[in-house]
Amino acid sequence: MTKAPTPTRHIISINDLTNKEIETIFEVAQGFLQELADENVPYRIGRSTDLASKSILASLFYEPSTRTRLSFESAMLRLGGANITSADPAVSSAAKGESLADTIRVIANYADIVVIRHPRDGAARLAAEYSQIPVINGGDGAHEHPTQTLCDLFTLKSKKKSLKNMKVAISGDLKGSRTIHSFVYALARFGATIDPLPAPGMELPAHVDRRLREEFHCRMVSKDPGQLPGGAIDALYVTADQPHQLSLIPDPEIDYGFLVQKKTDAVYVTRFQKERWTEKERPYPKIDAKFLDEAKYSEASVMHPLPRVNELDISFDSDRRAIYFQQAAYGVPIRMALISLMLQLHKNKSLQKFAGGFARPDHPVYAQPIDTGLHCDNPNCITADPAERRYAANKFYVIEDNSPRRCMLRCVYCEKDVGEGTDAQFVVADTTRKTFSPGLATLAGASADKLKHVVIYPTEAEALAAGFAPREGGKKARAS
Amino acid sequence: MTKAPTPTRHIISINDLTNKEIETIFEVAQGFLQELADENVPYRIGRSTDLASKSILASLFYEPSTRTRLSFESAMLRLGGANITSADPAVSSAAKGESLADTIRVIANYADIVVIRHPRDGAARLAAEYSQIPVINGGDGAHEHPTQTLCDLFTLKSKKKSLKNMKVAISGDLKGSRTIHSFVYALARFGATIDPLPAPGMELPAHVDRRLREEFHCRMVSKDPGQLPGGAIDALYVTADQPHQLSLIPDPEIDYGFLVQKKTDAVYVTRFQKERWTEKERPYPKIDAKFLDEAKYSEASVMHPLPRVNELDISFDSDRRAIYFQQAAYGVPIRMALISLMLQLHKNKSLQKFAGGFARPDHPVYAQPIDTGLHCDNPNCITADPAERRYAANKFYVIEDNSPRRCMLRCVYCEKDVGEGTDAQFVVADTTRKTFSPGLATLAGASADKLKHVVIYPTEAEALAAGFAPREGGKKARAS
Amino acid sequence: MTKAPTPTRHIISINDLTNKEIETIFEVAQGFLQELADENVPYRIGRSTDLASKSILASLFYEPSTRTRLSFESAMLRLGGANITSADPAVSSAAKGESLADTIRVIANYADIVVIRHPRDGAARLAAEYSQIPVINGGDGAHEHPTQTLCDLFTLKSKKKSLKNMKVAISGDLKGSRTIHSFVYALARFGATIDPLPAPGMELPAHVDRRLREEFHCRMVSKDPGQLPGGAIDALYVTADQPHQLSLIPDPEIDYGFLVQKKTDAVYVTRFQKERWTEKERPYPKIDAKFLDEAKYSEASVMHPLPRVNELDISFDSDRRAIYFQQAAYGVPIRMALISLMLQLHKNKSLQKFAGGFARPDHPVYAQPIDTGLHCDNPNCITADPAERRYAANKFYVIEDNSPRRCMLRCVYCEKDVGEGTDAQFVVADTTRKTFSPGLATLAGASADKLKHVVIYPTEAEALAAGFAPREGGKKARAS
């Protein structure tokens, strides 16, 4: 009846894995390929082990999928394990009105590990909170798709020795594609340069851009070599060797010009994520042989998470740079590696540690019951679903910025910043003193213990209505 | 081409199992738990055997399911077996108009055992008539769901040593819930007291109530201690130690007052079975912490077959009395036990007998081709479905009551009593003499052979139309 | 990124298998039955091997199915292998707009062999062109269903020792039933006589009739013994012992009268394939005991590929001639045999050759990019689907007829003859000389190399528009 015991590990975001862990996954995947690859197709797993012969993977899919579900199931079979599958919400208990939290608590008794796909951002994190067994995010709304990113990075790495200083163009629906979001975090973390080529109005979401710059130390460098770095909207994300606190300010010691000039190592194409938009169609770039004829793409591997619709011309399929089906094939060894590590199936002791690892950013967490105080303002967050939010909380990372000193709140589920990172009209109430102060800056440096005695309200009016009084000088603080 | 050979055993109703057999299932399930439980969660199967390594379970689901289907499939995998699944009627041969009888005769060649779920009452019994392999009922309309009841009883037994004199409250949609119907029969058979707490208008169906009293020897005892036993509508079902023929008449030798006073041992909550009702919503009790704060529930285990919607407050989940997720977990060892016993996978000879066992009530059966004479009047019976009834018969148990001497007919498929147990205008025609008599009383004591020469008509007019004449004195008998 | 390497073998049409290979499949299937049959039911596989214990079958179903999918999955499990399944297009990547060619290229990395069902004629052939792993056609539109035919022939052979001179009546929707199309080719190839009993307006399609007569050497023999052979529409297809070039002309040396008189060995009933017609209902023959009471059917085995709706009376099920459920049961050993042969799982060297075998008719192939020249005029061909045709070509077998000398084109995907075998207004353009000639006769005897320099246009106007000039004398040739 209780929530999952703490040691159960879940992979919801690519940031749940350290760089070292990602490299461990790649080593294990490489080992499976060496041992089990098809004789004729070196990137395709063609044989099986019995490493997981006593284990069951549950696939819980609330959105359409072929590739993700079948590659997970193939991976489990190649490991010698077995699958149970719920792939159609219309013929499952969800049709009777069951919540995700209840479903996962039941399924956790039928399987040893579960992969979940859901239309809501943050659904996989909520599921993990209620699961006794490891949960893998197979794609949640427009949030993340971490195992796709593992395949993508592994594919890149198989082509180039290092991701460091690699230049990767990302094209299409950068806003709606969860695949892109996991991917850009990983690219930044491994020191790659990101060249965004969004469809009109489909730029990277503000909160992803902010995390790239503030958390993953990206600098914006204008693609126009005549301009100063950071001075242009049309810019690359480059990662400094050392973390920069003020990434927007040009660093005179480092010259990123060579990255602007450098040829592109990979072009990553994505489809229009129509299921995340109200419009059925929008202007959308089509990547074809002509586009890729530009000199800067002459050595670029062309990638696509698939499925594709029309955004990548099929006549390009026979080009030597097209590696998207190889990328899809890597889904099997990568997922074999991830599953076997999470289930602690390897005898090697250092590999067994993986299952106990946790790489979550250690920002302090503010939490309140779902009907108390401030709630996430992302309309597609799992906490915005009336049936599911009853099982969630108003739970936010407190993210601190040093110059100017300020705080913002990031939803623990969907990882969007509330109020887009501004503190808007928010007030912080102190449940001990029954007072409140304007703005979030008072949260800076707050201990976990202090956060327990805090309720954050979206407006003064709500704090007043809840019986709190303005703290002396509080109004002045805002006025100043 | 022939129907299943007689020795194939099917589990369609909880009453297809003797009490001893149910206890055998529990022993085998307990053995699996001891051998294979998760190290951290003693009620969860976490490892596998290879007992069923050559066997295939077919899941044939014509209604939504997550828990029942996946727990059956998990059970089969934990036994080392494998699964084939048809879970969506829209993508199966049913979409092309195939009947259940044809489907099961085909599937029987592809698997060793089959679990079926269907929206029609009695569908599983019809399927079993055409199956060469064992059929398990995974829920048929509003009729029964016997394997859920096995999990429920096993959960209760894990909490208390004996079911005897246990007091179990059942709440919600007692009419539409097939789970409840199987459950109350089992509770009565094991000597538990049933405390019905129906939603308004959702009382136990008349035929279930009748069977509890007449077949399973329940007595009605008023919950108001001031009233005489049996005198109230708001009453408990209690089971006498000895079978009582006249259970409605107070037995002065036994005082059931202690059961009225006794604290409730378990509260069993069910959801509104909206798929069985034309209304989308109805007034419905919500069981929450406040309700369970009553002193009489202080030691009550709270159960739910799941899925739940709103009828059981989620804030109660962390209460020590909430055992519904444990109850769900027991689905695996219980179903492992049932499957392994039905497939005769155990070496122990006494366990092998299970597969040949039959516990059906041995009422005589009246049977006629489906277009002849009286038919079942339950509009949701499988025999009311134009496509399926062609494969069925007008087949009824002849149930005899001794005081006053009368007979009634119970449909062999849906187990509802025709005419709600009255004989209405029915007449019994004798095919040898070409005459008919009013009422069903003439069926009392009829041999199987005599029943072969009988056709029952719903009215005199139909018997006349079929060429039968009133038997001399017959009319008088009714008039008297 | 490239298409499948040539040696991968696919089974798309029954004509992809030689007679000898079909007999090999039967021998292997018979071996599985001897080794693994159910003790009580000799035609039902009841146990398993571990022959395929490292292999995965992918089921890719874009149309409803129970029997075909589950019998393939059962076969794979009985071989010791495992399955991954995509059975509902609405919950797969197809819902996001992915093409079949892309899907198969991805799935080929997750499995070792794939079975595909699709509503479009020729879909399985297109899929095979893009697959690195063997593809089995599980039914494509109204084209073919070769594994059903293998079960059908195996069933017939289990009843009679030889198919030679056997007389098989085929009833119902001979036009829409892909099962019938594969079946009649096989019957003709094994020397059986075909007695068509079509529903009104549901005769064998013209291109199937033409192939029977021209490719499989069938002669039409009137069922009316008073008429000369070949003189009647209401005729049998009989196969001469020796190939006849001019099958429509009576051969005085052979008397087929005994076949007209001969009792029917099997009646093969099919349902109205409503999914291939715009009308919901049509007049349709019902085969029942009365029909089968005719003397000529007294020893006829009655077969049905199932599912049935109303076209075969259920009261006939208990007749000794009804063998349709046995026929369904053979789906397992037959598919076990086919899969194990295609995956080269047998140690016997002669059986290993199967995987490398190819039996396609070696007509020369004319091919052009999909937007160039003549295209297939079958509106249900996979090349008529705007999303899928981009991956296909205008690709036709050049079929030569000797008297009078003429050519026709048969679509490589759906195998329908363009223009119903006439050359209509077609012209053949020569890309070297920039000229064109009327009619297809100039293709007669053309080498593969010559065909590379040819474009065929549906009309002169289109050839002219494409910049070709009439060849001198070309117009005259047509006029003569």
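Letters A, B and C mark the chains as written, and numbering starts fresh at 1 in each.
One rule holds for everything that comes next: a residue touches a chain if its C-beta (ideal position, glycine included) is under 8 Å from a C-beta of that chain, and two chains touch if they have at least 3 such contacts.
Keep in mind it's a predicted model, so treat the numbers as computed, not measured.
Chain B and chain C touch with mostly distinct residues; of the residue numbers seen at this interface, under half occur in both copies.
Chain A maps onto chain B through a rotation of 120°, based on Cα atoms and reported in steps of 5. Note: centroid distance chain B to chain C, computed from Cα atoms, is 48 Å. Residues of chain B in contact with two or more other chains: 82, 85, 88.
The touching residues of chain B, counted against chain C in their complex, run 1-2, 5, 53-54, 56, 58, 82, 84-86, 88, 90-98, 101-103, 105-112, 132, 390-391. The residues of chain A lying in touch with chain C in their complex are 40-41, 44-48, 61, 64-67, 70-71, 73-74, 77-78, 82-83, 85, 87-88, 271, 274-275, 306-309, 314, 317-320, 322-326, 328-329, 331-332.
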